[in-house]
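One chain, chain A, appears in both complexes that follow, with chain B as partner in the first and chain C in the second.
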Partner chain A sequence: MKNKSLIIAVLALLCAFLLPLLTNDYIVQVATEIAMYAALAAGWNLIGGITGYPSFGNVAFFGLGAMLAGAFSVNWHWPYWLAGIVAVLLTGVLGFILGLPILRLKGHYFSIATLALAEATLAIVTNLQFLGGGKGTSLPLIGSPLLFYYIMLAIACLSALITYLIVHSQYGNTLLAIKSDESAAQAVGINTVLAKSTAFALSAFLGSMVGVVYAIWQSYIDPPTVFEPGITVLMLVMTMIGGAGTVAGPIIGALIIGIMTQLAMAVSQNASSLILGLAIIVVVLFLPQGILGSHRSGKGGKRPGKHSFSWRG
Partner chain B sequence: MRKPSKRAGWLGVAALSLTLILAGCGSAATGPSSTGNSAGGTIKIGAPDARTGSLANEGKLVHDGYTLWQNLINKQGGLKVNGKKYKVEVVFKDDQSNPTNSASLTEQMYTQDGIRLFLSPYASPNIFSATTVAERHKVPMIAAGGGAKSIFTRGYKYVFSSYPYSGEYLGSVLDLLATKGIKTVAFLHADDLFSQEADQGGEAYAKSHGFDVVYSAQYPSNATDLTSQLAQIAQKKPDALIGTGHFQEAVLLVKEAKQMNVNFKAIAFTVGPSMPSFAKTLGKDSEGILGASLWTPDLPYKDSVFGTAANYAKLYKEAFGVEPDYHSAMASAAAEMMGLAIEKAGSTNPQKVRDALANLGTVSLFDGTFTVEANGSISGLKLPVIQVQNGQTVTVWPGDFSKNLKDMPLPAWNKRQ
Partner chain C sequence: MTILQVENLSKDFGGLRVLENITFSLAAGSVVGLIGPNGAGKSTLVNLIAGADRPTGGEILFASRRLAGLPAWRVARLGLARTFQITRVFTDLSLGDNIRLAAWTRGLRGKGLEAEVRRLADLTELSDKIAKPSRDLTLADQKRLQLARALALKPKLLLLDEVMAGLNPSELDRAIQLLAKLRNEGITMLVIEHLMRVIMNISDRVLVLHQGSLIADGPPAEVVASSQVQEAYLGRRYVQNR
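Showing the complex of A and B:
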C-alpha cells in the first residue's frame, strides 16, 4: 500500500521532469509558474493548513527574498547564489522573530495582523534605497527557461518533502495538537510558541526561496509586483482547493488553478479573471474541505483537525 | 500512522492526468509557430496590453494608439515589403497590468502564435519583464509606455523605444522657467520608478543650467498629506515648485499650498495638468500651472502616415471619440517605427527588422524628430510644455509657443478670481 503511493509520486515527478521534452517554451513557462505557486502554497500550508493559522501576509517573505537577493547581488556584487542563500536565511530568521508576537493572535486577528505585516513590509522596502526603493532592481539576463523550470520544480519537491516529513513526525503531531486545541496542547506541556514560530519561519524560508529564484528568472523586480497581495490569496486558494493540511493538496491546487487560468484565458481574454473567480467560488462551495479533504470524508469519515481547514485558530 | 494510500492513489492519477493535459495543450499548440510572421499576407505584431487592472486607463490609450496605426496602414493598402503590400495586425493580449503576465504572454505569442515582432505593454515594470523574453528569443520589441533609463542600460540588443528617458521630461519646463527669470526651485517627488528618474533627471538638469535647487524630498506614492513638506519648502521661499508624482498628489499639493498660502512664481507637474479632470477638480486654482508633456496636437511636425500632429488628433477623435493624449501619440509613433523598420528591412525577419531599427538613424514623425541611439533609446525629441488656461491646456513651449504663456509669475492664491 505504501509502495503504491510512492510509485505514483515517482511517476508524477517523472512526468513533470520529462514535460519539457514534449512541449514548447510557453508551456514550460506556465509549468514554471505552476511549480512556483505549488512551492508557495506548500509553504503557506505549513502555517495556514497544518498549524491552522491562516496567514494573509506570506507574500512578504516572497517579496523580501526577491528584493534582498537582488540588493545583495547588485549593491554588494555578491554572486547570485550567495545573495540568494543569505536572503533566504535572513527571511527565515525574520519569520521566526515576527512569529513570536504575531502568533499570539488567533483567527481573524492573526489574519489581519499578517495582512498588515505584508503592507508594512512593502512600505519599508519601497523607501529603502539599498533595496532599490520604488525603482526596483534589474538583474542580468542569465540561465535558460528550462533551468528555471527545474529549479522551481526542485523547490516544489523540497516543499512537499518538508511537509511530508513534518506531517509524519512528532513535530507534526505538535502542530496538529495546536490546531485542534491550543489551550489543551499548552496544558499538556507543549511549547506552543516555539512550535508555531518554527512553522512560521519554515513558511517564510520556503516563500523566500521561491522569491529569490523568481527575481533572477524575471530579471526585473519592483516592490508592487513582488508584494502583490493577490499572491498570498493564490497560495491560500490553491491550498484550500487541494486540501489544507495535506502533503499533496497545495500541489494539486496549484495545478488546478494554473490550468484553469490558462483555460479561462483561452476562452476569453477579457473575462478570464471572472471565469477563474467563478470557478473558485464553485469549488469552495461544493468542496469546502478541498479535493483531498472531501474525498477522505466520503471514504472514512471526517477527522477534524487533521484534514479539514479550520478558521477557529 | 495509517498511510492514506487510496487518497494518494487518487491524487496521483489526478496529477498525472493534469500533467498530460498540460503536455497535450503544448504539443497541440506547437503547430502554428512554424508558419511564420507574414502568413496569409498579414504581418502580425504582438502587444501585451493592460486591458484590465490598475493600469487600464493608460493601457487603453496605448491600445488605441497601436490600433489607430494598424487601421490607417491597412486603409493605405498595407506595408510595402519588397514591392508587395502586406496588411498589418496588432495582436493584443491582456496582461492585467501584471508584469509577470506581460512576460508570459510575450512568450505565448512567440511560441504558440509564431509572432516575431513586438510592441510593448504599458508602464516600465511591464516593459522590463516583457523585453527579457524578447531578448532571450532575439526578437525586437519597441517600448511605448515607459522611459526608465534602466530599461536601456541592461545591454539588451532587441529593445527600442519611442519615449525619451524619464529623466528628460523636465528639461523643457526648466528651459521655460529660465526665460522667465526663475532662479530657485524646490523639487518634490513620489517614490515610484518613473517619478524618481524624472526627478533625478530634472534636478541634474536644473543644477547644470544655473538653477539653485533649494529643496528636494521624496514622499510615498498615494500620500494623503504633504503639508509638512510644504511647510519646509515655504521656509526656503523658492521661486518655483516642481512636483513629480501622480494625479492625486498634484491635486493635493495645489490644495494644500492654497490652504497654507504658500505662493510660487511658477508651479509645474509631470503628471496632472494635461488631464482634463485636473482643471475640473481645482477650478481657478489650476490656472497658470505648467505641465510636462511629450506631445500635443499643436506641434508643427508631420509624416506620411498620419500627416500633421493636428491631423493625428483629428483621426484619433474620429476613431475613438476623444482627444488623444500623449500616451496614445507615443504608442502610434512606436508602431510607426516598427512599420518603417519592416519596410526598410524589406523583410519581417526579426533579426533584419532589429538591424533596421538599430540603423534608423534620425527620423521625423508626427511626434517630432529624434535619433535612435545604439542602446535602443531615442534622443533629440523636443518636449512641449502645457499650461492650464481657462480650464483648457495650451501649448506654451517650445519656441514660439511661449507667446501663449500667461500668469507668469502666478498670482497669489488669495488674489485669484
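Showing the complex of A and C:
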C-alpha cells in the first residue's frame, strides 16, 4: 500500500514537472493556480482537517504574507527573497500567538473568531500606510510564468511533505487525539494548547509562504484581493472534497475544483460559483469524508474521522 | 504514606452546590471504592482531582503537591491517570496508537515505547486487536483500552470511573481479575462503581457520597452495615440478601 502510494506520488510529480513541455501558457497559468490552492488547502488541512478546528480565517495569513513581503521589499528596499522569509516567519509567529487565545474556543465559536480575525486583519492592513494602505503595492515584474509554476509546485510539494511527516509522527497522533476528544487528550498528558497553536502556526506559515510568492507573481497586490474570504472557502472546500486529514486530499480537491472551475468558466463567468456551490452540497451529502476518506473507510488503522471535521460545541 | 489528600473540597455549578466540604485521604498502594447514587457528585469529584474542572473551594494535594489550578495534562504527567465513565478513546487512531500516544507523553521512545505498548496490550488482553481502529472496538474492549491508556502513564494513582458499567458477566469477571492484578502491582486506585460485588471484592476502604457530601468512610463491611448508607444508596434489601 505504501509502495503504491509512493509510485502514484512520483508519477503525479513527474507529470506535473513535464506539464509545461506538453501544454501551452494558459494551461501552465491554470496549473500554477491549482498548485497555489493545493498548498493553501494543505495548510488549512493541518488545523481544520487533522486537528479538527475548521478555520474560516486562514486567508489572513495568505494576505499578511503577501502584504508584508511587498512592504518590506518596496518600503525598506530589502531583496524580495529576504522580505519573503521575514514575512513568512513573522506570520508563523503571529499564527502561534493568535492561536493561544483563539484555540481555546471550540466549534462554531472558533470558526466565527477566525472569520473575525481575517476581517480585523484586513481592516488593520488597509489602514496601515506602511503596508500600502488601501491603494495596494506594486512590485517589480520579475521571473517568468514558468518559474512561478515551478515555485508554486515546489511549495505544494513541501506542504504535502510537511503533512506527511506530521501524519506519520506522534505529533500527528497528538493532533488526531485532540480532534477525537480534547479532554481525553489532556488526560493522557498532552499539552493541547501548545499542540494546537503549533498546528495553527504551521498553517499560517504555509499560507504566508504562498502569499509571498503570489505577490511577486502578480506584481500588484491590494488588501481586498489578498484578504478575499472566498480564498478560505476554497481551501476548506478543496480539503473536504479530497479528504480532510489526509496527505493527498487537499491536492486532489484543488485539482478537481481547479479543473471544474475552468470548464465552468468556458460556459459562463458566473458558472464557477455555481459549480463551487454544487460541489459543497454534493460533498456534504454524499462524501462527508471526502474522496480519500471514503476510499479508505473500513480498511483499518489511521484514517480520517467519521466526519471530516466536527463542529464541537 | 498518603498519596492523595483532599481537604474541604467544594464545587458549585452556578447556584447549585454539587460537592460540599469533602475531606479524605488515600494511602499509597490502597484501593478505595467510591459509591453513591446517581448525581451524588462522584464524577465531579474525579474531574476535580484530575484537573478537568476547578474546585470552588478546598485543597487537593497529590504526593504533597497542590493540584489546584494545574491543567489536566500537567496533573496527568505528575502520575495521576483516569478513565472516563462514558468511554473516550481516540477514534481516529488504532488501539495500539492510543496506548502508544500516552506512553510517548510519559517520555518513552523507540524500543522501550514499543515494548510498553505490547506489555499493556497483553495485560489488558487486547494484543490481537492492536492494529484495529479503536472506533471499531466493542464497549468492553474500549473500556480495557481506556485502562491500558491510563496505565501507559505509569500512574501513581489511578481514578477509575465506572470501568465495569455495561459489561456482561464474563467480561465483568475478567475486568475484576484485571483490577486485582493491578492491585497486586501496588497501584493506588480510587474506583467509582455501582456494582457492589466489585467494590466488596477489591476495596480496602469505601467512601460513600450522597447529595454532594461524604456520608461514610471505612472498611467495606462496616460501610454496608451503616444504616445511613443503606438509607441513601444500598437499600435494606442489599444487606438482607448478602
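Worth a mention:
Here is the rule we use: the second predicted complex is superposed on the first by the 291 of 313 C-alpha atoms of A that agree within 3 Å, B and C clash if a C-alpha of one lies under 4 Å from a C-alpha of the other, contacts with A are read in each partner's own complex, and residues count from 1 in each chain.
Just so we're on the same page, a residue touches a chain if its C-beta (ideal position, glycine included) is under 8 Å from a C-beta of that chain, and two chains touch if they have at least 3 such contacts.
If you're wondering where the values come from, they're calculated on a predicted model, not measured in any experiment.
When both complexes are overlaid on chain A, the residue A:Gln262 reaches chain B alone and has no touch with chain C.
Contacts of A:Pro229 after superposition: neither chain B nor chain C is touched.
In the superposition on chain A, A:Ser273 makes contact with chain B only, while chain C stays out of contact range. Once the two complexes are laid over each other on the shared chain, residue contacts for A:Gly107 go to neither chain B nor chain C. Of the two partners, chain B and chain C, it is B that touches more residues of chain A. Using the contact criterion defined above for the overlaid structures, shared-chain residue A:Ala177 touches chain C, although it does not reach chain B. By the touch criterion defined above, A:Ala123 reaches chain B but does not reach chain C. Listing the residues of chain A that touch chain C in their complex gives 170, 173-174, 176-177, 179-181, 183-192, 245, 300-306. By the touch criterion stated above, chain A contacts chain B in their complex at residues 1-2, 4-5, 8-9, 11-12, 15-16, 19, 22-27, 29-31, 33, 123, 126-127, 133-136, 138, 140-141, 145, 168, 218-220, 222, 224-225, 228, 248, 251-252, 255-256, 259, 262, 269-270, 272-273, 291-292, 295-296, 299. If you check the complex, the residues on chain C that touch chain A are 50-52, 71-73, 76-77, 81-82, 84, 88-94, 97, 100-102, 104-106, 131-133, 135-136, 149-150, 152-153.
The touching residues of chain B, when paired with chain A in their complex, are 1, 3-16, 18-23, 25-27, 29-30, 33, 51-52, 92-94, 96, 98-100, 103-104, 107-108, 110-112, 125, 128-129, 132, 135-136, 148, 150, 154, 156, 190-193, 195-197, 218, 220-221.
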